[in-house]
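I'd like to ask you about the structure that follows.
A, B, C and D label the chains in the order they appear, each numbered from 1.
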């Protein structure tokens, strides 16, 4: 929790490499951040437009609560930095991870008109912070995508307020955001949600129906 | 068979990393154990809540037949330790592996109401201990999931008694348990059962029918 | 951009290994090139018939604008060298990558009679050079395959002229060509197009319809 | 071609590790061989029951034309050694590789009653030795599985005689055999056939029909 910037940067690089290998961060998509200090709020964050399979610790930026770069590096932060900051504040999250996977992209559209996906009855859910039983019903909200970042951040803020206990959300035809107290927990949440989305997606193939 | 604890811990770590890479232990799910001594019964076991892709040998716990930690490590054993102990006793197993894969999760539900899956006619079955021909019919029981561990362990005990020759079982919407005389054999059994489940699952997609 | 041949050769080898791991260059299929000089036009290019998972920098050839080998190496360039040269000229591309993936092969046939695939509304599209919004509509032309290389190169030239803003094209039942200002961008474009093709392909499975 | 035994053993180990990673040799399934000398016929061969992801060069056996071990190692050769010998003789093959993949298992059953699979019109076919155009029609025979090895080897011999130009065959619900002049070519053939089988299999999912 009280990790130093170099340590956090190294972990972000390691997670990026792992997720890129799984196909969750292809084509420089996705971004990763972790809180370095609360007051003032500073986040270590992956830069924009970088191959996540080759992200090195020294490429990690330090940004402030406005998403502006604190460190004097030549790269710029992701356009989605405000979303990371918003989640870090609204949830007290210590880390925020954003992935573009095949299945989160497909299901964000498939269930888009429903406004979210209900995931229920899986043991895997117990890996989500605070969940004690597989009988838990997790709601994964789906938010319409937009290039208007402040508007999108507000929409996300509203969703987080409305759904206090969610562990992530989908942006439609865009990707998954999840978070945790620290990078370890955030990584765990991403793996769990990606796993469950793939289970739902492949179940649709077998059941041969439009909705589960 | 008469491996030392450090050797076993190292092997458990190696298998965990491999299976995590295949997506069978995502989100800290699953757990792995191997018998260190029979009398008293001591198992080397993966701790609870650890990223299996980064499990190190020194994190492996030593537990007794009640699932209590013998070694003085700060981590706690998995809630599912009693299941490992039960299988080690009932089967004389030297190693027990539990995976959460996409396909074992999906098929444990798809065939859940049938109480199990019959797998028959595959050469791959010959890799299961004691099976001599692909004409073998393997029954893979499916047991209802529960958070009541003693009750679940009893249910598993009953299943193992009823089906003397099975090489594994599924917990519904939860995962696969398999085992072997030693870690090598248990790993082989997991790979074979996961392979066959994926074959059945993808066959369902092609055949476009609800059941095989 | 002003990279030396050894540096480019090393990057080509690294991308080849990565793509082979993903199953996009199996069986010595596919080829990779990058411009070393513009005048005269010289390309660093992977040789014909080599296992891309084991491609070493010293195997990379230097070819001229006629696809002839400049360096005195015993291997021969790919038959598809003229296509690489054509793209480098027509687009001013600094790098050209050609992959054979499961999904680009399947969809090049599935949508073959339509002459191309329209990909629209995905955030991932923003990773393509010059695309500013997910509302972008990308056209991915499909060109009939042929063993008559000059004829095929002409057909490709016509397509590139007709569709000025495309970032790649498919050869029917053959594979994907994409390119970029440099290897980094070309790799990004391949990852994005392969990702989107897999999304479309798996969506077809769920929607259970012949066309999207 | 005139490689020494240590060199061949090292290559067999390397291919085994690669194919195991792709899920083609799970659960100790499959086997690999390469000719060391023609007269007398000696093959370097993977031993029975070994984890192919951990196969080391020193585990590779030397067998004669009767499938008997020449070297004095404690392991035994695969029961399928006679098949390797048969192919090495009938085709003059320098290497024989046998894989158990998800897709070769599924399609060997799906098309089993047809006695084989016709694969036609793919650029990828050009990677098969002697094939000059994607318009080539490759026949991949499917042979009924059996535990009677001499009978199976005879059946395979008949198939190889009847279909002189095939580059591989499937054993029903069992796996793929392919071969080549040397290990490099055999590996290429396996990758190509596995690729094309996956293309056919996934195409079936999209087309939603029982047969292509």
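Simple rule for what comes next: a contact is a pair of C-beta atoms (placed from the backbone, for glycine too) under 8 Å apart; a residue touches a chain by one contact, two chains touch by 3 or more.
All figures in this text were calculated on a predicted structure; none of them were measured in a lab.
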Original post:
What chains do subunit A and subunit B have as common neighbours?
Top reply: none
Subject >> Far-end chain from subunit A, centres as C-alpha averages >> reply: D
Subject >> Rotation angle (°) superposing Cα atoms of subunit A on subunit C, nearest 5 >> reply: 90
Original post:
When the C-alpha atoms of subunit C and subunit D are each averaged to a single point, how far apart are the two points in Å?
Top reply: 30
Original post:
Taking each chain's centre as the mean of its CA atoms, how far is subunit A from subunit D in angstrom?
Top reply: 43
Original post:
Which residue numbers or ranges of subunit B touch two or more of the other chains?
Top reply: 205, 208
Original post:
What are all the touching pairs of chains?
Top reply: A-B, A-C, B-D, C-D
**OP:** Could you please specify the touching residues of subunit D with respect to subunit B in the complex?
**Re:** 23, 26-29, 51, 53, 100, 102-103, 105-106, 109-110, 145, 147, 171, 173-175, 201, 204-205, 208, 210
Original post:
So in the complex, which bits of subunit B are touching subunit D?
Top reply: 18, 22, 121-124, 127, 132-135, 184, 187-189, 191-192, 194-195, 198-199, 202-203, 205-208
